[in-house]
Amino acid sequence: MVTSGGDAPGMNAAIRAIVRLAIPRGFRVLGFMRGYEGLITNLVKPLDLRSVSGIIHLGGTILYTVRSPEFREMQGLKRAAENLEKNEVDGLIVIGGEGSFRGALELNKMCDIPIIGIPATIDNDVFGADETIGFDTAVNTALRAIDNIRDTAVSHERIFLVEVMGRTRGFLALSVGLNAGAEIILVPEVEVNLDEICDRLEEGRKRGKKSSIIVAAEGVGNTREITEKISSRTGYDARLSVLGYIQRGGNPTARSRLLASLFGAKAVELLQKGQGNEIVGLQGGKIVSEDLERSCKSIKPLDTGLLQLAQELAV
Amino acid sequence: MVTSGGDAPGMNAAIRAIVRLAIPRGFRVLGFMRGYEGLITNLVKPLDLRSVSGIIHLGGTILYTVRSPEFREMQGLKRAAENLEKNEVDGLIVIGGEGSFRGALELNKMCDIPIIGIPATIDNDVFGADETIGFDTAVNTALRAIDNIRDTAVSHERIFLVEVMGRTRGFLALSVGLNAGAEIILVPEVEVNLDEICDRLEEGRKRGKKSSIIVAAEGVGNTREITEKISSRTGYDARLSVLGYIQRGGNPTARSRLLASLFGAKAVELLQKGQGNEIVGLQGGKIVSEDLERSCKSIKPLDTGLLQLAQELAV
Amino acid sequence: MVTSGGDAPGMNAAIRAIVRLAIPRGFRVLGFMRGYEGLITNLVKPLDLRSVSGIIHLGGTILYTVRSPEFREMQGLKRAAENLEKNEVDGLIVIGGEGSFRGALELNKMCDIPIIGIPATIDNDVFGADETIGFDTAVNTALRAIDNIRDTAVSHERIFLVEVMGRTRGFLALSVGLNAGAEIILVPEVEVNLDEICDRLEEGRKRGKKSSIIVAAEGVGNTREITEKISSRTGYDARLSVLGYIQRGGNPTARSRLLASLFGAKAVELLQKGQGNEIVGLQGGKIVSEDLERSCKSIKPLDTGLLQLAQELAV
Amino acid sequence: MVTSGGDAPGMNAAIRAIVRLAIPRGFRVLGFMRGYEGLITNLVKPLDLRSVSGIIHLGGTILYTVRSPEFREMQGLKRAAENLEKNEVDGLIVIGGEGSFRGALELNKMCDIPIIGIPATIDNDVFGADETIGFDTAVNTALRAIDNIRDTAVSHERIFLVEVMGRTRGFLALSVGLNAGAEIILVPEVEVNLDEICDRLEEGRKRGKKSSIIVAAEGVGNTREITEKISSRTGYDARLSVLGYIQRGGNPTARSRLLASLFGAKAVELLQKGQGNEIVGLQGGKIVSEDLERSCKSIKPLDTGLLQLAQELAV
């Protein structure tokens, strides 16, 4: 098993589930440390039942995760494949996001070992998984931050543009914005229309609104510039707040822990059946599996109906 | 619209969604205050778009909710029906739990007005709704409380039995227990077997466990007695902690707010179509409607697979 | 060093401070495990600079703490004294509350080793310390719980009696009640006057109050009975909520961590000077020391002016 | 009464205390809205006992606060003085920070009305007040954010530079850094020495540290540049996280509420005695008053001993 890519709250709960379910089913469990780098350098430690005690509620990952540029090169992949063989690994579980799964797909070409992906990323952008481990936690962390910011927005009668994570996708921004009651939500999937934003703010002002929250994914463009333009065009006192890394950590919520346990259980089940090259997913409320390559090559759609709903609700 | 039964975090978000979606669709929206009592006494106030500003993140209900014994009698139901007519109500949305829906069913026999139920209860026991508004919040509140208690359990090497809400059903206990990594989960659906509990604790002790958390629904019996019996049989220092009302309040989580907005939207849609005598639900990840009478007369099953999983994970 | 008595958030921060300050000053630091029991059974481990990494924010105590009935007997004290000598201990720091300090006083009679007490208890009842480690955390935990309960109190128009910890002293109840805006605060230092309580609730009702919070220390009597009597006398729907063990755990607040660091620093300073039989304290905003025996034999007064203020503020 | 300058958690608790204590002592209480602007435009509303119900736990200020450039000009001050007379104001309480008090001092030259300042600012930089309303809340909010960030720092073996508020003073950075166990704390009062920072990080690495937290006040310079320089010089993966406005909002902690109640009580007492041109303060654990002009013209010293302690503790 390996955790890879950005850390997400609930990764530890997934590690715990895999260890606790795999060992009684006859597996020996190894944890490669520091993401794919540990595969390349053979930094590995055996995990027993007690080694995952007291971690279900901790953010981050006890297996660590660092970026591994080497893993993108043939040389690195080869060494990883060799180390998997050397350690007599029959199946590899990769806990991570889209980028990690693409790496897994490459690795798969180098060796015959079945690989199962467990979607764990606050970006929620894995095709085949309606929700990823860590997403619910990040949404709630951002919501609580906005609850704080709203105090100041209201007291000072200001506009706040709150930038949440999401370089290419707007899942986090959409969910945070809808549930925070944000007046405007900006996602990378929809081009920013400053005129429309300013018009909506003006209309709100006419209806009596004195403060507003705009939630924007980081990928929508230069949020500082957008904030300044809103200020100068509307005359509102608009401020920018970038939530940043606080969204990545913290104790996982119940839902992130639940997905971690269910995804972990499914991954062990798949390996037991000898299946590989799949990711574990959630579809229509059910835990399912999805072809690894298909997941990597497909784009999970954003629910634009929710965007529409958010706009209607925040009149 | 009326909120009824025990309050649940997210009720206000549902009220907001109904008001914000119904008014632009041509409805006039009235809020009956203090639950069904307000129907009987005609305590009612009109709700406009601004009246639901700044409430999406608040626990409780701005419409209040009190127990109404009169509503269980023919006399009370009659007066409620008269008041609905007097106010020219074309459709009633009841935000509450199972008991409230049974009341709605009775009221329905007295008048022809379509009634839509929105499931909002931390008990999560409404047939037709895989999840109710408020449940996710209550689970997370209880989880955080158990995180605190675990500090003391570990430091003092104690067993803690944590009683969560749930007089007849174990949804909350199951979800809290699974996600807290509780060693043992007691639900009203399964008879308490003290011998088995003590055996499991003894086995844990042999494997090196020095502290354990037991999560029990209040409906499993006298939790104080159970705790004392565990103490005397195992020799462990076992303590009881009753979480109580802290589980009912607090700012709703993202998921409780999301369900509230989606359920509210669906309820307005149903009324717009002239449908009634249904509850809004969630099935297989989709927002659906379910027959009101069928929901009242059916029992939502507890996922015993999760109970099994929780036990396997907490070795 | 030893942690003793009930655990309090910030104990770990104190352990960290002692280790990190004592070692560079030439001390060797030992941690006796499981409270005074570890002194008796010689359960001890050396602590180095890295052993206290990553613990400043954790509740509970990494040294564990269990009740030790043996320590109250001559035999136990003797063995503890022997073990201190065997380990060549030049000074003992006891992190705990009043009971632990009384134990330390007894131990002191058996051996010449200087003992320094660090007040760490959520009860805040140590004479010589205006505030103890853990108190601020417990107050804030209880406050957040009451914020949740108030949602239900307001929505249901109920009275809630919230029982907080404090068998003999009302520091926690007073601070929680004052800062929660509780209408009535009951402390063990003042006899409960049911007539007066009911009168105040009635007056509040006349002024338009529909819900109220009463905060009571556990030591004021049978809180269930008091709640029932209030219900029956006033006609209000009064409920009891016992906060229990959630008050003892959780991540320490900034203030509890600060006191832990300052108290730890003072304790090391005192031992360095060869002083003993003192506790570290806080008086008039300054870190001071106080005679151990005097602290044990004196009673820290409750600020009744604050009780009066709380009552005036909650009209 | 007026709230002025940046909002601080606990301002509402102070407003409540003033209203609840002043009215029974025979005062009539007026709230000027939107800071000093309300004084100039005579935007004022009477406050009665019930108008401050249910606000003790809310961040922000129900009286609003906006920047008022006019108040810095003679014209604005004149109109403010006229409005005070027109409303027959006998005494003005200004709840705010240093800048607001300087404004009060100017206003005082225009009229004879006694003015009392209540220090409420998360910057904690008011001379005469060891602690200001809101400071403890901001510290705890930042601490929780850093707890989240540390998850990612540890999992990714990174350095995080966390920027907290404080343009000219380092009180917040110092308190946050000390209590977060930050390896390095940067405050505006001490010049940033990049060589020393890098040396300390290198030493930490040699002792086995793989991740570190640096807490910096915004006033220490361009934190993005500092972060990049640290990255390039040490080879560490260093990231910047700017906490921003989340530090200004949120429910006030127990301590911020307590100070608010005590400061409010003292302010009413001073006005009752006919005293003015003072601020309420906290010195040596006691609530005191301090001359307004002296407070404005003096600089509250930063406790450099704490900086030293923080450095020793974070080896």
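Chains here go by letter, A, B, C and D, matching the order in which they are written, and residues are numbered from 1 within each.
Just so we're on the same page, a residue touches a chain if its C-beta (ideal position, glycine included) is under 8 Å from a C-beta of that chain, and two chains touch if they have at least 3 such contacts.
Only a predicted model underlies this, so the values are computations on that prediction, with no experimental measurement involved.
Fewest steps needed to get from chain A to chain C, stepping only to touching chains, is 2. Chain centre most remote from that of chain B: D (centre = mean of CA atoms).
Centroids built from CA atoms put chain D at 40 Å from chain B. The mean-CA centres of chain A and chain D are about 35 angstrom from one another, to the nearest whole unit. The geometric centre of chain C is 28 Å away from that of chain D, both derived from CA atoms. Those residues of chain A in touch with two or more other chains are numbered 147, 150, 154. All chain pairs that touch, listed by label, are A-B, A-D, B-C, C-D. Interface of chain A with chain B (complex): residues 16-17, 20-21, 24, 49-50, 54, 56-57, 130, 136, 139-140, 143-144, 147, 150, 154, 175-176, 178-181, 207-208, 251, 253-255, 257-258, 261-262, 265, 282-286, 309, 312-315. Chain B meets chain C in the complex at residues 3, 6-7, 9, 34, 58-61, 64-67, 141, 145, 147-152, 154-157, 160, 237, 239-250.
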